[in-house]
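Some structures to go through are shown next.
You will see subunit A twice below: alongside subunit B first, and alongside subunit C after that.
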Partner chain A sequence: MQVVVVLLIASVVVAAGFLVAFLWSARRGQYDDLDTPPVRMLYDDIKAGEKPVTPAPSPKSE
Partner chain B sequence: MAIETIAYDNKTVRDFGLATMVWGAVGMLVGLIAAIQMYFPALNLNILYLTFSHIRPVHTNAVIFAFVGNAIFMSVYYSLPRLCKAPMYSDLLSRLHFWGWQLIIVCAAISLPMGFTTSKEYAELEWPIDILIAVVWVIFGINMFGTIFKRREKHMYVAIWFYIATWVTVTMLHVVNSLEIPVTFMKSYPVYAGVQDALVQWWYGHNAVAFFLTTPYLGMMYYFLPKAADRPIFSYRLSIIHFWALIFIYIWAGPHHLLYSALPDWAQSLGTVFSIMLIAPSWGGMLNGLLTLRGAWDKVRESVVLKFMVVAVTAYGMATFEGPLLSVKSVNALSHFTDWTIAHVHVGALGWNGFLTFGILYWLIPRLYRTKLYSDKLANLHFWIGFLGIVIYVLPLYFAGITQGLMWKEFTPDGILRYPNFLETVLQVIPMYVIRSIGGSLFLLGAVLMIYNLARTMKAGSLLASEQVEVPAREPAPSAPFRFSHRWLEGKPLPFLILAFVAVVIGGVIELVPTFMIKSNIPTIAAVHPYTPLELQGRDIYIREGCNVCHSQMVRPFRSETERYGEYSKAGEYVYDHPFLWGSKRTGPDLMRVGQKYPNAWHYRHMEDPRSMSPGSIMPSYPWLLTNQLDTTTTAAKIRAMQALGVPYPLPYSAMANFDLAKQAQVISDDLKQGSIDCPPDREIVALIAYLQRMGTDIKGASGGTAAGGP
Partner chain C sequence: MSVDRGREGLPFGVADAPGAIYVSIAPHSIVGAHDLVLHWPCMMATLEHTGSRVACFHCGLDCPELPETADGHAFCCAGCQAVYLILQDARLGTYYSRDESPGQRPTLGDKSRFAYLDSPEIVDSLLEYTDALRRRITLHIPAIHCASCVWLLENLHRLNPAILRSVTNLSTRRVTILYDRTQASIRVIVELLARIGYEPDIRLDSLGERTCRSTSWQLYAKIGVAGFAFANVMLFSLPEYLSKHGLGEGGISTTFRLASLILALPVLLYSAQDYFRSAWAGLKARRVNLDVPLALGIGSLFLRSAYDVLSGSGPGYFDSFTGLVFFLLAGRVFQQKSFEWLSFDRDYRAYFPLSCLRRERGCDLAVPITRLKPGDRIVVRHQELVPADAILISGQGRIDYSFITGEADLQDVESGVRVYAGGRQVGEAIELEVLREVSQSRLVSLWSSPAMVREAGAAVPTVADAAGRYFTLAVLLIAVATALFWYWADPSRMIWIVTSVLIVACPCALALSRPFALGTLVRIWGRQRLYVRGIEIADAMARIDDVVFDKTGTLTQAPQASVSFVGPAPSEYDKQLIGSLARHSTHPLSRQLSAVLESSRLLPVSEFKDVAGQGVSGVVDGHTVHLGNRDWAWFGEGDDGMSKSDRNSQVVYVGFDCRPRGFYLLGAVYRERLEDTISRLRRDYRVSVLTGDNARDAERLKATLGEGVSIAYEQSPHNKLDHVAALQTEGRNVMMVGDGLNDAGALHVATVGIAVTEDTSAFSPSSDGILDATRLPLLPQFLGTARRVRRVVYASFAVSLLYNVVGLSFAVTGHLSPLVSAILMPVSSVSVVLFASLGARLAARREKSA
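So, the complex of A and B:
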């Protein structure tokens, strides 16, 4: 069953990596704004050469 | 604000989309052929390459890595640049990625039917292809991370987090599970043996489901569902919480595939506990998807894209509720090795992966081709046919699984098995197999309708290969994408500690793994000996022919199983098994204790035509084993590889192994002659018989004859 050690280590390494990523992202302000990113992704990019008409966003209820 | 013009590469997206459609249809068709063989084995036309045990891995690999894989890449190559407001990092890498992945698929489609398989589920591909997969995966990684680093959006939308987790974890899984010693070109042995190999395999297998079929698809859901509904996701906060929870918990759930096996009990319990915990983050994702549509359900009525997506998310919720349920030991005791598992995975595969892919394709292809979908009516028809197909597919299999599970366990009042003949329990569920294949046909028919519909759409429009868009210019930002300087680390003791730990661990693993593996090969049961050269060759034929696809080698410690098969399996019996062959499905009976149960001649005739020995059997015939000559040129290399893995053959043995092999083969050939079968000793069937007669016999003498099985 020694392979459990290998799997544990591999899993812990990845989990630690994710933890670092989480801490890093949280500190870098990735989660400071939880309101605009879900809305911003709805906008399509402005096609080159077209007039930048802002499409009306569907209002977020509540 | 300065404006920059950038170009999104839609051609790669389209190419991955085409590949998704083509390989999807192929994979489903192969699945249908396999499903029909379950009640009509003659459909293989006695051709090796069409036989169930050879094409089942083709089906699973095609739908997972070809259909779902290409759909993932299609979605990433579309959504990632748009979320990052940056074109993909390198067009050259995009091309290499696309063609490399198709090359892998072609290699798989050729090598698997030929019998080049490691036997490990969803990791069947042999070592040269494993290396190719690693290379292409790294190309994908560079392209993805390069794009992320060059992004113009500070915030990484939640979909990107799912893509990142997918890449990182799949990388680790693939590397750890593919550690193998090449023996010849296209043949290898895993470094792990027996219980250890089983644990690694299902740690991989479960996480392949988690990080190939689930996390990327959640990312896709988070991008395409809001886009299609034109509404923001219900709760961005929930999406972030459930993402981190999901990836931290998922990785520990693998042992639930090995409940009641020879795996230590604590590891089994660990798997169960984490599996049950998984309900929370999984349902977090499902609810987040469904609630996005709150107040907009009228859109679902009109949009076929949303219809597909709603069913997909619902199927995800069902599958992720059922999964933890099946991880509870008392449920698993009934469900394991039956068709219940097959039904469970198809709720996920057909519903979640299939329908989400269809929804995305219907949304994406008209956009790429700047036109409208050719026929909404046809798409709606696809939706209903596909939906009906899923229902008609899974319901009979639930019924079959539970029926068969109960029949295996049923005793008469006198305390003997009510259905001692395994075949009875198979014949009972054959009508269910017939209905299942009808469901599968409907699902495939729906997919074909979609391909036609989208082909007409493509013809009507024209591909916008390079989409020029205007985005705000990148500021010479103080927030450079990645400032992971040592200075920064020094100021942060905790991350520094973790990174140092990681570095140490990697070194430790490299140093320790071989030691662990070889030490663990010391048998704990003195009566267990390495396979003879002939048995070893026979075992490799067993693997090549995919016997493990339908036959388990794991007698669980239930009275119903020890009565039927014999003494339950002990971990110490598998120490020389590179790879383990426990199997996951009993379409036929368990073979752990088949050794010495039947005469050699029985096996010979059974391989020639199973129905001559057990009328009504649905096992395919393997007549080529009777005529193929055994390749003994590999024996020495195989023995040497086993020695390198710590199997205690005497040291100079590899040179004389073939001498022993010939001797043992002669004995079997002579014995067959007694049964008036004229079989030269150099045929493959002889090696296979030698292996079958050896199976599970090592401890027979030691355990005082309790191993005498049922009929």
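So, the complex of A and C:
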């Protein structure tokens, strides 16, 4: 049964790893702005200046 | 959020026309970041003209008949066209690819208005970081509202390579810019932003303001620690509950228990520390708040568990303990819904600009207004604020005091007459001599009056605090009674049972019901565009029994917004004719008219006639133009087609060449559905109106508001403050609804002060809540919802008390095992959270349909 202690330590170490990751991300400001990143990624595919994207002058659509 | 249908005036206007739809976002539209996501489907609609109306490709406003064009797109003004060309040159056309007309019309203005940014003193106060090569600055840009804004502002480096990196924050509407200090200066960057329509808002009070990020990340860290401990302790406790006889006294069991104890320590010392602090602060101030029984419960839970584990008598309640702290902290996060892009604490310093023009030996220099001294000569141009009390030296002063005194009419000021700080000059540039420093001006004196200094900590007692007092008392009584009983029955079990009572009486569910019910309400209000400072305001709204309104700007619309022409729409040329004539008249209505038609080119006027009480006439460019009342400019023609509601506003009739042309409706136009709003409010509340304006339109106001609404005229800002304070000493809970600096005092002392604003990014005085002016008719509904939600809070108090009673019945009889506690605690917390938030939602829906 003593092997359970090893498992216990292992599980806590893994969980603590996640905790540290969480604290690190909170500290680095990951939770400061929850609105901009989901919007920012909309433009990820378009690199500025690669192509002058301008919608056609008058796209008539019904 | 729904899409408002309507042609004008609404932030989102969707005009239906056969074959084409366009969606426009007016500049300064009030869009919360959360609204955006829901709006994309409608933004897929194609921007095109509907009949004669063409929306500007850049900003979405209506274009004139002969719009500026570029690449086949139409623009409302040269400014928008210029921005488009700048962006095309920098190959930033992507800006227009996602959101239709995302742009802002650039504010035209003299470049020298940014000259103050060359002053090292101001630069120093703005900089966040600086080294030999680079500097970093964060600017507040109210115009930020959509994905396109974010994209453009993060590609600033394409417009100016000296900008190394820029990061936009949509929720706070701020941009952080890192730039090469050898290549650019703050002024260059601000000028660039202004040129593309994103002029930063640099105010006196934002200087030296640092965002307090540390507190929010600390809260997340506390939750993280509590959650980590909660999950692991549960894992360790499970074998204990599952095996019939426990794990025995062997090594494994002790290891698990000790591990739980170690994991619970940081929860006690770090995650839960705020509750102990708050309870201690409450006790020191001789106030028993809800945190006292909470701290008592948490503390005894931990100590008892530690004793159990260390003495080997049981597994302890560490799972309940860590779970409890975790849930409590989650409630705290939920109630902290904040509208970050708004600021509720603005005083006069936010209203004034940073700098003004000082005239020294014939040349004008921008200086920070804090450096103005009596005797300085300053120049104030059209639409600029007078920064300090001063005497007019030269020029024709026409000062708009509506924001600081509530007077609706422009004041004519001749040279040698005193002008007060906060007034806005309309017309030509004037030269003034400063009389007093900015901090000594008459306007600022309101802030130094003793009533404005509400001492910290003297917050209004909330329902929870009252509940906390009775609750603590009851808990202590029960604990003492139980102790006495068991001392007599079985002294060896006394301590064990008394700690059980304290544990189970911990008002965890009670503490959760308020944040979740009121937090839900604050979110619902936010979607309806009432933004309140925090959940305690939602609480206070339920206790209101007296509603006091300001008139100018609150019940009425801002003067510029209220001018409309009835009759065949005047062409640009017609407007020039009317504007040129109106310019010559001194009548307040002509003033307002000429202020609106100002952009037109002025034509010379001959044969000018001004007949008192009738109107004015003159020959402009060969046409005889009449402006005045019906007798003067309607020439005895028949029906003027004025609707019933129009008769509430002031009218200027227009005649061309002795034929009626139509009429302008202007002056105080009351907000939509005002009569209905007031009559609904009057059912449950006492309503009164305080206005700084004169009694000129007393009859109309009375007719609109109905009988029983007391109206006081010519109230100074100090009068308003005193009036509200007097009502409060009568024991009434007052809600003040106002808009301007003249209401600042009353807003501050009132139980709840709501600032009404047409543009949430513009200045609004310090208040507890900010209401979008178009939503004023919802005010009775907001108050009604607050009352309903208070009942929900009471009901969930009752539910959580029920859990406490059930738990107590286990505890006093000595049957509170760790397993019972581990089941009871999460069940009660989760059910109360669900009850409170669903109840608040339901209450809001009920009130809406009522």
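As a convention for this text, the second predicted complex is superposed on the first by the 45 of 62 C-alpha atoms of A that agree within 3 Å, B and C clash if a C-alpha of one lies under 4 Å from a C-alpha of the other, contacts with A are read in each partner's own complex, and residues count from 1 in each chain.
In the analysis below, a contact is a pair of C-beta atoms (placed from the backbone, for glycine too) under 8 Å apart; a residue touches a chain by one contact, two chains touch by 3 or more.
These figures come from a predicted structure and were not determined experimentally.
A.B. asks: Between subunit B (first) and subunit C (second), which does A:V39 come into contact with in this model arrangement: first, second, both, or neither?
C.D. replies: both
A.B. asks: Can A:V3 be said to touch subunit B (first), subunit C (second), both, or neither?
C.D. replies: first
A.B. asks: Would you sort A:V13 into first (subunit B), second (subunit C), both or neither based on which partner it touches?
C.D. replies: It touches subunit B, and subunit C stays clear.
A.B. asks: Give me the intersection of subunit A's contacts with subunit B and its contacts with subunit C, in residue numbers.
C.D. replies: In the superposed arrangement, which is not itself an observed complex, subunit A uses residues 1-2, 4-5, 11-12, 15-16, 18-19, 22-23, 29, 31, 33-36, 38-40, 42, 46, 48-49, 52, 58, 60-61 for both subunit B and subunit C.
A.B. asks: Tell me, which parts of subunit A touch subunit B in their complex?
C.D. replies: That would be residues 1-7, 9-25, 28-31, 33-42, 45-49, 52, 58, 60-61 of subunit A.
A.B. asks: Using the touch definition from the top, list the residues of subunit C that touch subunit A in their complex.
C.D. replies: Going by the criterion above, the answer is residues 19-20, 33-34, 36-37, 45-46, 48, 71-73, 88, 90-94, 96-98, 146-147, 150-151, 154-155, 158, 168-172, 213, 216-217, 220-221, 224-225, 228, 231-232, 235-236, 250-252, 255-256, 259, 263.
A.B. asks: Mind listing the subunit A positions that touch subunit C in their complex?
C.D. replies: Where subunit A meets subunit C, its residues are 1-2, 4-5, 8, 11-12, 15-16, 18-19, 22-23, 26-27, 29, 31-36, 38-40, 42-43, 46, 48-49, 52-55, 57-62.
A.B. asks: Going by the contact rule at the top, pick out the subunit B residues touching subunit A in the complex.
C.D. replies: Interface residues on subunit B, with respect to subunit A: 5, 8, 82-83, 85, 153-158, 164-165, 168-169, 172, 176, 192, 195-196, 199-200, 203, 223, 226-227, 230-233, 236-237, 240, 244, 247-248, 251-252, 264, 267, 294-295, 467-471, 479, 494-495, 498-499, 501-502, 505-506, 508-509, 512-513, 516-517, 519-520, 571.
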